[in-house]
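Next, two complexes with subunit A in common: one pairs it with subunit B, the other with subunit C.
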Partner chain A sequence: MDIIRNFPMMTVILSLFSGSLCFVLKGRTARYYTLFYEVFLLIVCSAILWYTVTTGTAVTYPMGEFPAPWGNELRAGILEALLAVLFMVIMIVSLLAGYRYIDTDLDESKVNLYYAILNLMTASLMAILWTNDLFSGYVFLEILTLTSCGSLIVREIGRTTLAAVRYMILNLLGSGLFLLGVVLLYDLTGHLLMVPMQETIAEMAQDPRMFMALTLSTGVLTIGLSIKSGLFPFHFWMPDSYSWSTPTSASILSSLVSKAYILLLIKIYYRAIGLDVFEQMPIREILLVLGIAGMIVGSLQAMHADNINRMVAFSSAAQVGYIFMGMGIGGIAGYTAAIFHIMAHAVTKSMLFLTTPRLAEVSDNSLLFKKLEASALRNRDAGLAFLVGSLSMIGIPLFAGFTSKLQFALAGVESGSHVKLVAVMLALAASSLLNAVYFMRTLIRIYSDPRGTVSKANIRQHHRPLYNIPMVVLGGLNLFLGLFSWVAINLITQGLKMFG
Partner chain B sequence: MKLREWKNKFFRWLDGDYDVMKNIMEGSLEPDENHEQAKRDRQAAHKEMTSSGFSQAVINAERKGFYQFYIGVAIVSCIALIGVLLFTVNLLPRYGEENPRAVEVSDRYIEKGLEETGAVNIVAGMILDYRAFDTLGESHVLFAALLCVMILLKKDKKNMDSQFDDYYQIEQDAYFDVSKDTVMRKVGVLIVPCIFVFGIYILLNGQNGPGGGFSGGAVLGAGLIIFESAFGFELVDSFFTAKVSMAISFVSLAFYSFAKGYVFYMGANHLHNHIPKGIPGAILSGGLILPLNIAVGLVVACTMFGFYSLFKRGSVGGV
Partner chain C sequence: MFENLLINYEEAAAIILFGIGFTMLLFHQNLIKKLIGMNIMDTGVFLFLASMGYIEGRKPPIIVDGVTDPARYINPVPAGLVLTGIVVSVSVTAIMLSLTIRLYKRYHTLNLDEIYTLSVHSMEDR
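Coming up: the complex of A and B.
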């Protein structure tokens, strides 16, 4: 089965090709093609996962005839393959649940452009997962930035254009800083490939002057990527971009795109800088502080939101804070928790973003809380999906959110520092409490019916079993991650071992 | 004229209220009924926009001195960033001094580049052979930009202004259109062929000297734009329609992806790839570099003209 070694390269090349193909296809054909292609890609990624788990080694794939320090390289281990599978599942589900909104939100002549953009996005997600090279990472990050903007403005209402402009400015600033960081590292080490770079850095870090330069360049690069993923002081682009875009875009942007940036950051720490050197830099503590601040501030802002999508979006900012807190705790346990939370959050957040438009549909197409009263009773399926998502966000046992909070707490215990432990525990407690307050408030609102507007006829009208399949998939994944979390955690720890 | 008057005019010009060229160059359009209607529509839309809750929030923030705070923070953070970057640069190896750690890769490119890629131009060999994956991504960055601009500017039911506004726009465009201009046409006849030939030369010569896909494509695209300015869209549309432009982009990008996919596959599996390297210095040399340069150049040219056409009339080409 050595042909599977070629699959990571194929996923990128074929996705790029699909992007240009959808450009010339008609809208409807492009939709079917994209759906078919994403399912195909899911199978391919599963094959890579199966191959890496059974052989127990990472696939290193030179791009062309020139080996590592001279040519580009891809590397697929268990962790990357696992995340690729999850990303593809969420991509398919977002498409299935969101295509009818795409048809209504978009002008007919631009539907194929949207699918072209989704395919390019898939290509860049795959490339960022597999790449072993800093500059390839930058190039595909750029595609990801542009396509995310495209997926926002495609709705063509004032709010999305405004949100996209803000998103674009902040993201370009992030790209610029990331590029500066890459250039500085290249100037210092003479390498762009991560593994040779790590070897040079390990030797260089002995010299205090060079260590200072390394710390500063890593810092610049970290700021760049944290702006793009929406860490605390830089999360102000999030609410508008997530709440007004078409549901598929909101789901993909919040659960995949911002996570891809974090994964690239983790990969750079692990593979390019080397964890030993990185743990000596003071960046880790800053990430911990900003992560905790983000958890609290994001939740507080979510409480003030008047619109359900804005609330969910601000809660995304808080969840990004969780992930950075995991990276701040450090050690294998911290990174395991961070990556598990990436998975749990991806599953949960996409579910919430794909459910809110269905609740809005039965409430005069409004996302405002006052209009949403009793909407879960008018559309019971959507209400149930929102309930499952909210419970997971709060961290009720059985659901993925609980396991990830448990993992963060365990990582805090294992960090061996009392200050960190206390900070992490307090932050977890405060954030869970705040989460519970605003999600419970929403749940009570959408399930109570003080004005008696719900009748039997209008419930049945909105019951469409077919629309629930994506929700069942996401809910099932959520429960799986909650109940059988050891499967995922085992894979993540094995993956992290071969990641560095 | 008094100094104060000049100062007044200068600041009005800075604010965009005063047009220096007014009544000197083109003259202005005669206002008619449709023009007035368009103006009223615009004012109504502006009023609606400023009275919304969002704008009120912005105005309130302005009153509370948020912007002074904002500008202050922006200045401080910019200075901090500049300081940090200058400090970092100071720690880097000096320019011109050899960094003993950072020569392994570049030495190999310089010493063996010609032999391994068959290209005299080492840069072309580097970006299209050693690090072809990056360039593959880079050409799709351009494509992604084209997609975004198309989404934003291509005319459809949602982003068209009111019919009066559009009427006024068409009138105005026709008035300022230079393609009927004799000077433009005569000069166009002279320089457009030269620009095309020069663009093709840069495109085909990328493996032997400075040039290649991106620069050659940019020259070709500029040639198309000048061609359009001189002769109008009617003539361009007779050979370069939206369909042609899209087909060229698609075929070039697909060719690029699959050609590189083939090379990656052969290289990674240690198979012999059947692409001849040719004699260094000849036009047909450098293996895949020439065809890839042509593909990139065509995409760049189509994208550049596409941008121009989208900005000028809201479609990629005549349909």
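Coming up: the complex of A and C.
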């Protein structure tokens, strides 16, 4: 089974190669190639997951075979492999459900470039999941930023360019701070690899002056990554970037890219700084407060949106708040809840972003709420998908959204602090209520037909069974995470133990 | 406290540069000035890295006269990191400049606020 050691490296190198290959392929060929390649990657990632679960050990790949304190490593544990599998599923589904919008939104000569960008994005997502070294983390973070900006600007209307520029500016601020944080930590510890860094930090943290310096560097790094992932108050770039891009990009950006930054942050807390040291720093409380504020403000802004994509995008900002709240609660339970929510949100949000354009299609190509009236009656399949996504977002039992809220509540109970428990419970209640208000309002809007415009003829016209397969996959995953959540939670807990 | 700043003047200068660049990138409305700010910010970090990697009186780690004692050489890793950082910064600048050109061609201004107003009024809503 020695060959599995090479798999993490293989996913990165092959994706980089596929990216370059797509530059020379024709649009349609590039699409088939990318689809085929991503299915292949899904199999590879599943093999890594299978290996790590059955043997209970992580796969480590030292680059250039230089041993630990000097070299540069990739490492795949249960958690990374699980998330890699999920990421690949979402990628494939987003591509299948969105490729016809790619064909219409993009200039024909540029379609292959879009697939090249997607492959490069896969490479950087995989590298961020596997990386065991802070500086490689930074490099692939920048590649991820550039490719996500690329996936926005391929749709050449003025607003996407503006959205991309704002996205880039915010992300550059974030990368700058992250780089400074990494450099400061390197200056303090003399290591870039996470494990030796953690050992040095554990010794240094005994000295109060050094602890101060460590807190400062970790704080800088945290601000950087929270700007990039869109934590309140840095979430205002989200609605424009997600609303105007092509649906595949919106789905991937909201459910994978912004979550990859959070995963890197969790990994740094766990593996580079060490959870024991990190939990003594005051950063945790700030994350809790900002997370809760994000949950409420994001939902309030979603209520005021006049366009369905903007509403879903603001709701993404609120969900990022949930994840940071989980990290703020801390402990294994808090991080388990946060990571479970990353998975639940990825499955749900991609479903919503891939459904809204289909509702818009039957409503004069408009995403405005007033035009969307009765759209779910005109396209019943898309309506059903939106219903499932919305119910999960609100947190109705059976769906993944419910389980993740339950996990947050349990983590609050286990935190042992009354203030935290009350804050978490109140935040969950308020945010669920707000979620229910705006998602229910949207559902009523798209399902009611006050003007009687729907007839049998125009329903049949929009019935396209083939496009429902991706939705069935996402809905199935959503139900699976809701009903059999213990499978995912067990894997996450094992993965986190392997992290430490 | 100020003595420490004087001893570590390179690091202090690097952090000041970072601050200047960060503020420019955040608050200037002119896109080109924002980009200049970004470059100043990155340069600040590179200065920090480079000054931290250099130890006075030591040589670059290239063995020419058979001396293999690590105490005679400086750490080459920060220089490698600076180099990688510069490559990243150049590519980011390139893509941002190309985006700026695209926005300028469409809206004939470099001011982000004005571009925003123009783009909202042009109503390319779907």
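Operating definition for what follows: the second predicted complex is superposed on the first by the 500 of 500 C-alpha atoms of A that agree within 3 Å, B and C clash if a C-alpha of one lies under 4 Å from a C-alpha of the other, contacts with A are read in each partner's own complex, and residues count from 1 in each chain.
Keep this in mind: contacts are C-beta pairs under 8 Å (C-beta built on N, C-alpha and C of every residue); 3 or more make two chains touch, one makes a residue touch a chain.
None of the values given here were measured: they were computed from a predicted structure.
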First (subunit B), second (subunit C), both or neither touched by A:360: second
Which of subunit B and subunit C A:406 touches, first, second, both or neither: neither
Contacts of A:498 with subunit B and subunit C, given as first, second, both or neither: neither
Touching partner for A:289 - first (subunit B), second (subunit C), both, neither: neither
Contacts of A:454 with subunit B and subunit C, given as first, second, both or neither: neither
Touched partner set for A:165, first subunit B, second subunit C, both or neither: second
Which of subunit B and subunit C A:71 touches, first, second, both or neither: first
Touch count on subunit A, higher of subunit B and subunit C: B
First (subunit B), second (subunit C), both or neither touched by A:135: both
Partner chain in contact with A:183 - subunit B first, subunit C second, else both or neither: second
Common interface positions of subunit A, toward subunit B and toward subunit C: 135, 139, 142, 146, 149-150, 153, 157, 161, 180, 186-187, 192
Contact set on subunit B toward subunit A in their complex: 84-85, 87-88, 91-93, 99, 101-106, 108-109, 116, 129-134, 136-138, 140-141, 143-145, 147-148, 150-152, 154, 156-159, 246-247, 249-250, 253-254, 257-258, 260-261, 263-270, 273
Residues of subunit A defined as touching subunit C within the complex: 135, 138-139, 142, 145-146, 149-150, 153, 157-159, 161-162, 164-166, 168-169, 172-173, 175-177, 179-180, 183, 186-187, 192, 307, 360, 365-368
Residue ranges of subunit C in contact with subunit A within the complex: 18, 21-22, 25-26, 31, 34, 38, 41-42, 45, 48-49, 52, 77-78, 81, 84-85, 88, 91-92, 95-96, 99-100, 102-103, 106-107, 112, 115-116, 118-119, 122, 124-126
Parts of subunit A lying in touch with subunit B, wherever the complex brings them together: 5-6, 9-10, 13, 16-17, 19-21, 23-24, 61-66, 69-72, 107-110, 113-114, 116-117, 120, 123-124, 127, 133, 135-136, 139-140, 142-143, 146-147, 149-150, 153-154, 156-157, 161, 180, 184, 186-192, 196, 200, 203-204, 209-210, 212-213, 216-217, 219-220
